[in-house]
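Here is the structure we will look at.
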């Protein structure tokens, strides 16, 4: 029997009372706890409870639940059963009943606010909390396996460093709370759910979470295989992206007796997959297409009646992504027509492609160069993937604010979203120091 | 809470004590009970317990468990977890613990023997018990839905009439047991598991279950849309078949950051599906190919690392089926190579293509013409699908015996393996009468 | 320079003046001449001139040109340029200018009539004259290569025995003309063009060519690999068939500069090909699908704008063929839609699936058993392919006549339509004897 | 009959004797003549004769034939028959017999040298001469159609501006010849064949044609849709590329009688096409893949025995291109294996991805700004396609020289390689002026 649960591992000393060394140890422990109990997009129940609890221990006010989301923008939610299964799992692992109730239905994540004692602007900082939908490597040379903090949730793994991001977010909160006397203005610290699939930023943004921010930082660890100590004050190459699900429905038939009576949804899906991957490159810049999952058919001797695909397109610009998306939908529809199947396509998430503000990048770079542990500061960095924070950045910029993405690389053992991905935990304290200094000195 | 279980519906009066009218009512009730609790291949736990229990009530000796199977020939077993889940479900539904223990691991099915009081040959009769892997139609005009005996096991449905076959088997047992004084020789009554996928006959045959049979009958209801009362004394057109599973394994990668690093098992699978379906027809006769299920990928933004397909080939002759199987394997291997994936193919079941013995067919036809309720007797009937009993028929014939397939058609509401399939229950008593007469008069 | 032409090889002695041995030699020489100068469907210019010339030498009246065709039914004609090229080639090879003029535009083939001196019925006999569109094997063990009568028309080859059929037709004409005194009624001897592609029978039938026939024979050599001397008096398993051409038109673009601007007709065609081959088998009987040729694209670095496919479907019954045809058109249209290409489909030929008249078969079989050289007479023979004569047979039967197909097998060196196909020339005299006897004795 | 031929249109006054206005008129006439008689790669017979003749009229020494090519590097030559056909066409159109003889076999193109009267460096200038393999638009709003200089060679069209390039090359020659007294050093003026397909540069480079060049200019008109007067002094984004042909060979069979005996090369090709287009994007930069042409099959009712594909891959870097090429070959081989076909792949051309020398670009830009008609000078320009001159540029740079690509855009009516492409002829004199000034002032 499982006696050892998420909650039983909870740390005991409020972070803002810890010195820097002690904080470092706490962040490592916290990150490993989160790594052990990863939660997928919109199901970050235990994770959010833990964060709220630790923020409250530091006397930081925190909002959560329906208040911080606009339900009309919560795309790509798991099914009700899955949401409920994950909520029950979180309860079994010791999460707070009352908080869980407030998050029921996927209203995960939270927003903290640290008010400085001096007047000044409002600064937004965003970290994300969700894991990836893959099973962690169990081989002996994978550190989480060796040191005993591998994922114990099958099919879930923190393979993008969001476990570290959450810990960094709490670390930043603790340092700012400690320095409220010298903090000018307010800091809104956003613990965002559902970054994977580019889903969570839209509903938080629509709920107005970043509306007061005059300056906005998002952050990410890893990405490029560079030595620890290299820090990017701005990034480019965010790929615009659209996520959608496809359901093909044909007609089942006995594969031996009446093959001609079937309308084969799997054949339609296979045709769609090959032709989706074959969508031509675009002169306007990098594009991507992926069919991440495909489920089709019910039994060996039945012509498959249904097929479900999860698709995503990306583009270096919004235009390129729109081209990819339009072509992809055309391909799916035609593949369905070919086999006389119906074709339902459902939007599941997406984001545009933002730009970091050049002057903010330069000012941030100047400050970062002074931070202990920083060896090199890059002003241009090729992000090369989607970043849900872009939705928040765009809103801040539309309202006249400035925004940038901070990246904290380290030597990568394996690429992101790989079963062998692991974080160099030294990056966490470095990131906490950098962001804290940026906030205090900007 | 579920208070109504398989076992609570159990009938109370031993069948051999029932008159024909009463028997008819019992068979209908039994068939509906089995329809309500369908069990898939190798997991016919509750079904077998029910059959054993009813045979024992009639004082008919019955063998079961490891004794009637040769483990080396039990292909296409579900995974251990699935076997255990189904066994627990059967227990929860009230099945006998001791019997379940004997069947643990998939050793389902049973073999009864009715010894006549007069000397004579040994006759084998085979019925099958497993359901199909599909979900039953829930619409209002589907009789099981209207009359409340729809499947309550999700993803499982008796859509091939094996529920009726099981009931017929027990009906035959009851009539023969009643008539032991005039029965010449012995009847071995085989309740075979795992007919779907052509899996169960091999291990029973290898265990010697039909070795003593001088005459052998297999039976099937439905198949052709003919009026009730038409009966076939022999069939042809059994399609030889091979079932195999394919596992493709490539390499996951972040679909946005490093698409070129992935080895896309889904793309390999899609290529395989289209090219499998495209295997050329064969001059030598009818052929079939189906990929019944396909599962690929873990998450939307990960290049799919694994794909699993369930495949079956069929052929009007063993030669045609071998051609299809050889081509199919070539296609799968090449599709894997194309994407630098590994390709594991696992044999899951199969059967050859037998012939009914002409003289047995003629003798049977003569007897059947005299049976009450029989309007027309066909001596040639196009079966047009696979029939696992063929494996038993071949063994009987190799050892010098004679074998045939009896078919009892009725007006079909929907094809076999269709979510709307239903049995005309009048066929059951007719079949019991026919087979009983054949055994007694042959 | 080519000094050796079709015409220069022409035989000199009228066939009806030859004894049987001499006739045998003449038929062999003629067949080799035709083999050397094969002409594809609707371009049998030189071949027809030769046949007409030889019929005239025997004083047999012959009709040809527009009189024997209904232009509205001449499907699948080559383009005007190709027709002209072939006509010029025939002229260069020595064919008669005046006859050529009458055939210009594809009005090839001819119809002879031999009127008996005794009263009796009108009997139709059909032979075909066109070659296949493939290049002949040039290897040393291929007899036409060794003995110097290989095709000298590139891309054209008599690989279905129509060269022998034409010679047999002339042989029959010669024997009947010799026996006019004992011939009851008339014989209409049809030298049909464009059998390949099932094209020529429709326009001749529409022109009334078989309308007077009370009895009708079509004939074919080869088909099954049986010893010479086996003869079939009737056949079954003619596959109904539809031939159509598909033109896909998209948009060209520079493959390096603007790949996204192209509408790739080749990708649409490739998708069509795989999904055409993947059309499910039909329970109702054998089906076939082939894409015989595919031409797409203009240059390596241009996104292909056009693609052309030649398609044929077949079915054991007209219903099965209609199913194949309907599915095939659906697939082509959807593949075009997928790539935003237009899709033109043009009917190019086809035939239904006829039955030989049972009583005619039996009578013919009785007569054939008496013919010298006949070892065995089959009353059922699986033709297993399309036969354009079926269109004529159906017309004869509709008008109250009887029809059958005669087959003259021999030991096959290679299958029909194969670059190594060759005819056992002994079959020709045998066929001439058989058909002559049938006509005289029926 | 054609009385109007290439040669009859020949201009009469040596270009170096023309003033600038007259030169402009002559270049326009020449370009239209070349446009009317386009010649494909390695068959620029008439074009080369015309160029040599005009160079000789200006007393400029010129080399041609085997002397300027290294046969071992002449990739992607047309077949012997095609070479001969084109040579005969050039002769019929009036080209010089003796020159043609020297070029027989594809040794087209020529190299002129203008020696200045002052000492100085050797400067190379490359223009190209071949057309594209596509048919020109015949619609009324296409200027060449309206003004009567449309291509009269079917399937051939100058759709990339090489007709203008050739005229510009002769214009430059004329101006430099006129200015020999002030020319420092020598100018090697290369009229390169077979730029399309990236074929001609390799054999000229291997023959040492650019070995003496200390400075090297290649030039191209069009590319970007920018106003006339914008000039680029350097370019980037040359895509590395590999061209190869694929021949798949299976086995023919009768599609009706023995479909299972065929080894379908067309199905293999279709599988290859879809999976080639589906090769994943590469993080390292832009990639391209195209199958430009596909020919498969011989007749409608024959399983296709052969298929031929022309393929090209491209990549923003040599590494990306190598990835594409390796994947492409893997796909072709596996597709062949799937259908038990053999697969021959033949290298047909290619080039790497060069960089223009920054300091040369800057110096050139300074000079170009002073040229009459130049409105704007770009120092960075995204070429976005392959450029065969890259092979020459690399050789010059390896030997210590400097190289750059000059681009002369104009408002594009249609993209390059499009049937509606046309050149704004004003660009020619501008280009002549620019290059002449560069050479004289550098």
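A few points about this structure:
Just so it is clear, A, B, C and D label the chains in written order, and each chain counts residues from 1 on its own.
Following the convention adopted for this analysis, a contact is a pair of C-beta atoms (placed from the backbone, for glycine too) under 8 Å apart; a residue touches a chain by one contact, two chains touch by 3 or more.
Keep in mind that what you see is a predicted model, and the values were worked out from it rather than measured.
When chain centres are defined as mean Cα coordinates, A lies farthest from subunit C. Remark: among chain pairs A-C and C-D, C-D carries the greater number of C-beta contacts. Centre to centre, using the average C-alpha position, subunit C and subunit D are separated by 47 Å.
Subunit A and subunit C have CA centres that are 67 Å apart. Across the assembly, subunit C contributes residues 257-259, 264, 267, 271, 274-275, 277-278, 280-281, 283, 288, 303, 384 that each touch 2 or more other chains.
Those residues of subunit B lying in contact with subunit C across their complex are 274-275, 277-278, 280-281, 283, 285-288, 384.
Subunit D contributes residues 257-260, 262, 264, 267, 271, 274-275, 278, 280-284, 303, 323, 330-331, 333-335, 337-338, 340 to its touches with subunit B in the complex.
Those residues of subunit D whose C-beta lies close enough to touch subunit C in the complex are 132-135, 155, 196-197, 223, 239, 241, 243, 252-259, 261, 264, 266-267, 269-271, 273-274, 277, 288, 290-304, 307, 310-312, 314, 348, 384-386, 415-419.
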